[in-house]
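Two complexes come next, and they have one chain in common, subunit A, joined by subunit B in the first and subunit C in the second.
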Partner chain A sequence: MLMKYLFAKNEEIPPGTATLFFSFSSIVWFIIGTGLGSFNAAKLAFPDWVTGMEYFAFGKMRQVHVMAVIFGWISMAFAAAMMYITPALGNTKLWSEKLALWSCLNWNIGLAVGLVLLWMGMTSGREYSDFIYPIDLIILFGVLIPVSLNVWMTIAKRRTQGIYTTNWFFAGSIFMLMIVLLVGNLPEYFHLTGLTEAYLTWWNAHNILGLWITPVAAAIAYYTIPKITGNPLYSHRIGHLHFWSIVIFYSTPAAHHLMSAPLPEWLKSFASVEGVLILVPAIAFVSNILLTLQGKWNMFVENIEVRFTVTGVLLAIPLNMQGGFQQTRSINWYIHGTGWIVAHAHLALLGFSTFIEVAAVYYGLQMIMKRKLYSLALANFHFWMLLIGFSIYWISMTIAGLIQGAGKIYEVPYIDIVIAEHPYMIARWFGGTLVFLGNCVWLYNMYMTAREGTVVPQGRMVHELAYER
Partner chain B sequence: MAWRFDNPLRTLTDDASNKVAMEIWEAESLGGITENNNRLPQPVVYLLVLTIVSAFLITFPLWGQRPTAAIYEEFVAMMDSPEVQGLATDEEKMSYMVQKAKETGSKYATPHINHPITMDDLRVLRPQIEALKTQDVVLDDYTVVGDKIVLANFEGNLRADGTQVRQQPWWDQGYTIDIFYVIYFCLAVMIVVKRLPPYTVQPRHGNERILSDAEMAELSGQRRVA
Partner chain C sequence: MAFREYKIGAVMFGVALSMSMFITLVAPSFNIISVGSTALALDKELTYGFNSGFSFSDPLLTGGAAPRKVTLKNDPVSGAGMEPVTAYVFLPNMPFPSGILHPAVLGEGTDDLSVEQGRINEASEDQGAVFLVQHGAYNGAEYPYIENATATRGWSPDAVLTAVGDANVSHAGSGKVIFVREGCWWCHTLLPEQTQDFQYFGAPPYLGDFNGESPTAFGSDRKAPDLLHVGARNSSKEWMMMHFFNPRLVQPHSIMPRFDYLWGKVDANGNEIDYNAWRKEYLKYRRGERVAPPEVPVPAPDSEARYLIDFVLNLK
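Moving on, here comes the complex of A and B:
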């Protein structure tokens, strides 16, 4: 079907087709990413699991997992959301459905090639920007610029006077992501080394989270909650506070990832204050969404999309409390280089943002296909697999991180730390595997929704019919 | 969108423009979504102020400072003395030296508590501290990193003899930039928010619709005129 539409005239492509492809692609990448994560975690839990083969070594597999979930699952789910939310908010159609389909194709091919090359050992060696630069250029020119163009042109051609909060974030974040990727990969283009390379690497990594994943996930929640609950967004004004505090306070604290590096100390002081001030957008966002829910908290229990979204929003509270304070000198001294950081990264990506994106994909697919979810029971099962699996992962890795921190500070022999944290490595693997299995169920549920979901009558919304048979 | 400055904490936009903005706000449907114009709840404002104050307090360079070579200089001078040598265990020797430094009014009494050291570690550092003393350098410019003493990574003012101060300040230029940032941010966001209709005016929902091209042209024309 994709091939049919790739060469069709734009007007002949049904609206929402790109969302459909982006959504299913993102779910498949989520399964691949979490499957790789589960495999890697098994290597830490059971050291004799798949040994002696270079291609299955942890060092190679780990970065494939990270890049698959960030650029396959998370970013592609964002694209899916952008492709249906941006036009919906402007009472218009997507500027070019055809361009979006080509972007989706390029994205899948580029990512697959990039991950295979990573697997073969062709890497820039820099975390979160591991792809070699030709792949970066494919992603930039074949994916990001076309997707941005679609978002910006759809907003420009909107049929409204105002621009809703979600679209500010979409348009701004995708612009900032391009800058981040261009600047963040400079060490590779110009062979920069040493501190410059270290700083730019972490500037890139920090801002992929801060200027892309965090704001776009928040933007989706700004759409999902008012749309499904029917409540007005609590405050347009707080939306402004949120947007500008993200731009100002999230773009600057990259040096807090390098608190023990020989960077100028004033830069660390600057970054550390800004790091705590990340709480400003977080407070604005969480308060705006939770206040929007006034009088509709029953939907947290009754509606699967609201439940996923609000869980993500609630997870933003511990996420930002950790993020704000763990980078200060005294706390960073203890937890730097331990599993605590791994737990925190998963709280951001698998907790906060994933729960919000899953809701967007559930809602978007039902809206585009005009079909009711095949099985609400399976969706509930998916929710609990994700929440329980994530919680086990997060808690076990946080404990493992504290053990490692204590071991580091008190100079406990490394092998003793490995033995002490072994039970938590098994728990980590178990939690991650639950997430993986839950996602397989999700794919089945969405596939069956496409094939056999009840058709939603004209003029009705999918969430209105969730409990009707 | 004319400006007014007579009551800047209420609104920075003239009444006619605010009226048009509210008409648009109430009339048009943004994909079926509506927005309110509520202010930030007061407890949340206090939380934000607390966050900003905490950000500066908790990240002072003072917290988490590395030990300098200078804070162990007194111990090195004392460790061969008969009083110290007469004590039975290393723990007793160390405890005696910390107490002695405190009684003699050492300016490093607090760093001694923050950066305790064992006799074994002191023996490792001793030759390095003694070597630095022969070079007539400022020991405060050197930090202890593990079992090594290295020139600290700070770049302060130049001294008269041309050497550079390498000591961690309690306040540094990073904080000055932060203060600029926070002030600039607060001002910018206040201007943006105060250009909106005042929060006492709330849009009435229920009549939003997809506007026709003619309606949009009319409303945007009104906005320009206003």
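Moving on, here comes the complex of A and C:
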């Protein structure tokens, strides 16, 4: 089906085809990413489980899990949402459905090649920019530029008066992502070394999260909540505050990832203060969404997309409370480099961001296929598997991190920390496995929706129809 | 153009993002550029070579493009005995590190001494070169600098390697490539923190300890001891050998993966390594059917296991 449309005339491709492919790709990458995560966690809990095989060594698989989840699941779900929401908000069609399909194909191929090379050990050795730079360039030119062209041109050719919040975020974030990838990988293109390399590594890592994953996830919530509940967004102005404080405050604290490294002290202090100011966009976003729900809180229980989105938004509260304060010197010295940070990273990516994207993929797929969700029971099962699995993971890793921090400052022999962490490593593996299993059920549910979901009558929205199973 | 009502916003966006990038990128770069190399930084970049991650000179990260660090006890030209010196041998076509290619990254003083007295700009990658770390005075201050011994003393890479013999050669540079490829740094950090942490793992690094090193591989997610000074805590080759082959041999509670596959096909004596037989015997030991674990084969001189052991022992 993809082959048929890749060489078809743009006008002959049904609207939404790109979102369809992006959505199903993202679900498959989610399963792959969480499956790898579960496998890696098992290796930390049971080190002799699969052993002596080069390609199943933890050190070769860890980064494959991270990159599969960030660039496969999260970013592809973002692309799916962009290809659907941008034209919907502009009351128009996507600028080029064909270009979007090609970028989906390039993305899947580029990512698969990059991950296989990474798995073979071909890495830059730089966290969050682990891909070798030819792969970065393929992603930039083959994927991000086409996707951003589509977003920008669709907004430019819109048939509405203003630009809605979601679309500023989409247009701005994808621009910032390209700048971040270009600048963050400078050490690889031009072989910059030493502290410059170390700092740019974390400048890149911080800004991928801050200028891409956080704002785009929030932008999706700005669409799904008003759309499904029927309430208008509580405040456009708070949306402005959110957008501008993201650009100003979230783009500056990169150095707080290296608080204990020998970087210039003024830079670390500056980053730390700016890091606390991340609370400005965070509070703006959470309050805006929660106030939009006024009078419609019943949908938090009754509607699966609202439930997923609002859970994600609620998880943004502990996320930003941690994120704002854990990077100050008074807290960072205790938890830096411990499992606490791993828990925090999963709160951001598997908690806050994933829950919002899952809702978007559920909703977008039903709208495009014009079919009602096959089974609410399976979707509920998926929700609870994700939430319980994530909670087990987050709580166990937070405790493990506090143990590690205590061991670090009291100079405990390291092996005692390893022994003390063992039960939490098992819990982490168990939680991650629940997430993986839940996602397998999700893929089945969406496949059955495509085949057997009740057709949505012309002129009706999917959320107006009752669930059947 | 439907964007016109957003002109001010787009300009503001550009201004805000540029300001942010100016503060976080341009401003600190003045500080970082002005940092001069310590002697440790010179040692590290000469030990590790151009790059320990992916580069087109070593795309599969085999460690083949990294230099050798040797301890020289005889003059390679005359053969006469001398005070032992540490030399860094770049065989022909081994890419030089940033400090040799662009001496400016070495920092003021070190840069000038390395060019004027060390003659590093005469070194050629095509012919290879031998470098030394020296100390000298420039404008009244003491600086470490790099000496190109091929130009100043006529030491050729081949002559130096012949003069030292395999026992005095360290493959720490190749070992760092293996360290990056195998993802050791996902658990073992190379950065004792500037807080209480360093009392256990040793002194945190200085600002100038990194010039020319790439990647720095600090690590962020510590699940195992920091390794920046591990060679000073434990300098036993045998311990490292057993630990890499199967960490549970020396530390029963370790969760480190086994890196026995780094031994390759044959051991130091050229005998084929029978991994299955070894694991069978090891399981017997675990079940209590053997008193001692089976012997760990000694890695071959050109095996990746040897590179990695050399790297770890070189972290003083």
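One rule holds in what follows: the second predicted complex is superposed on the first by the 465 of 469 C-alpha atoms of A that agree within 3 Å, B and C clash if a C-alpha of one lies under 4 Å from a C-alpha of the other, contacts with A are read in each partner's own complex, and residues count from 1 in each chain.
Everything below uses one rule, namely that contacts are C-beta pairs under 8 Å (C-beta built on N, C-alpha and C of every residue); 3 or more make two chains touch, one makes a residue touch a chain.
This structure is a prediction, so every number in the text was calculated from the model and none was measured.
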Contacts of A:236 with subunit B and subunit C, given as first, second, both or neither: first
Subunit B versus subunit C as contact partner of A:252, first or second or both or neither: both
First (subunit B), second (subunit C), both or neither touched by A:270: both
Which of subunit B and subunit C A:341 touches, first, second, both or neither: second
First, second, both or neither for A:91, with subunit B first and subunit C second: first
First (subunit B), second (subunit C), both or neither touched by A:138: neither
Superposition-derived comparison: subunit B or subunit C, residues of subunit A touched: C
First (subunit B), second (subunit C), both or neither touched by A:83: neither
Partner chain in contact with A:194 - subunit B first, subunit C second, else both or neither: second
Subunit B versus subunit C as contact partner of A:203, first or second or both or neither: second
Overlap of the subunit B and subunit C footprints on subunit A, listed as residue numbers: 162, 244, 248, 252, 262, 264, 267, 270-271, 333
Residue ranges of subunit A touching subunit B (in the complex, touch as defined): 85, 88-91, 159-162, 164-165, 223, 226-227, 232-241, 244-245, 248-249, 252, 262, 264-277, 279-280, 283-284, 287, 291, 324-325, 328-330, 332-333
Residue ranges of subunit C touching subunit A (in the complex, touch as defined): 1-3, 5-6, 9, 12-13, 16-17, 19-21, 23-25, 27-29, 31-32, 35, 41, 45, 50-55, 59-61, 97-98, 105, 180-187, 189, 191, 193-197, 199-200, 204-207, 209-225, 247-248, 251, 253-261, 275, 279
In the complex with subunit C, residue positions of subunit A that touch it: 43-45, 47-48, 51-54, 57-60, 62-63, 120-127, 132-133, 155-158, 162-163, 168, 172, 176, 179, 183, 187-188, 191-199, 201, 203, 244, 247-248, 251-252, 254-255, 257-258, 260-264, 267, 270-271, 333, 336-339, 341-342, 404, 408-409, 411, 414-415, 418-419, 422, 425
Touch list for subunit B against partner subunit A, complex: 24-25, 28-41, 44, 47-48, 51-52, 54-56, 58-59, 61, 63-64, 153-155, 168, 172-175, 177-178, 181-182, 184-185, 188-189, 192-193, 196, 199, 203, 205, 210-211, 213, 216, 219-220, 223
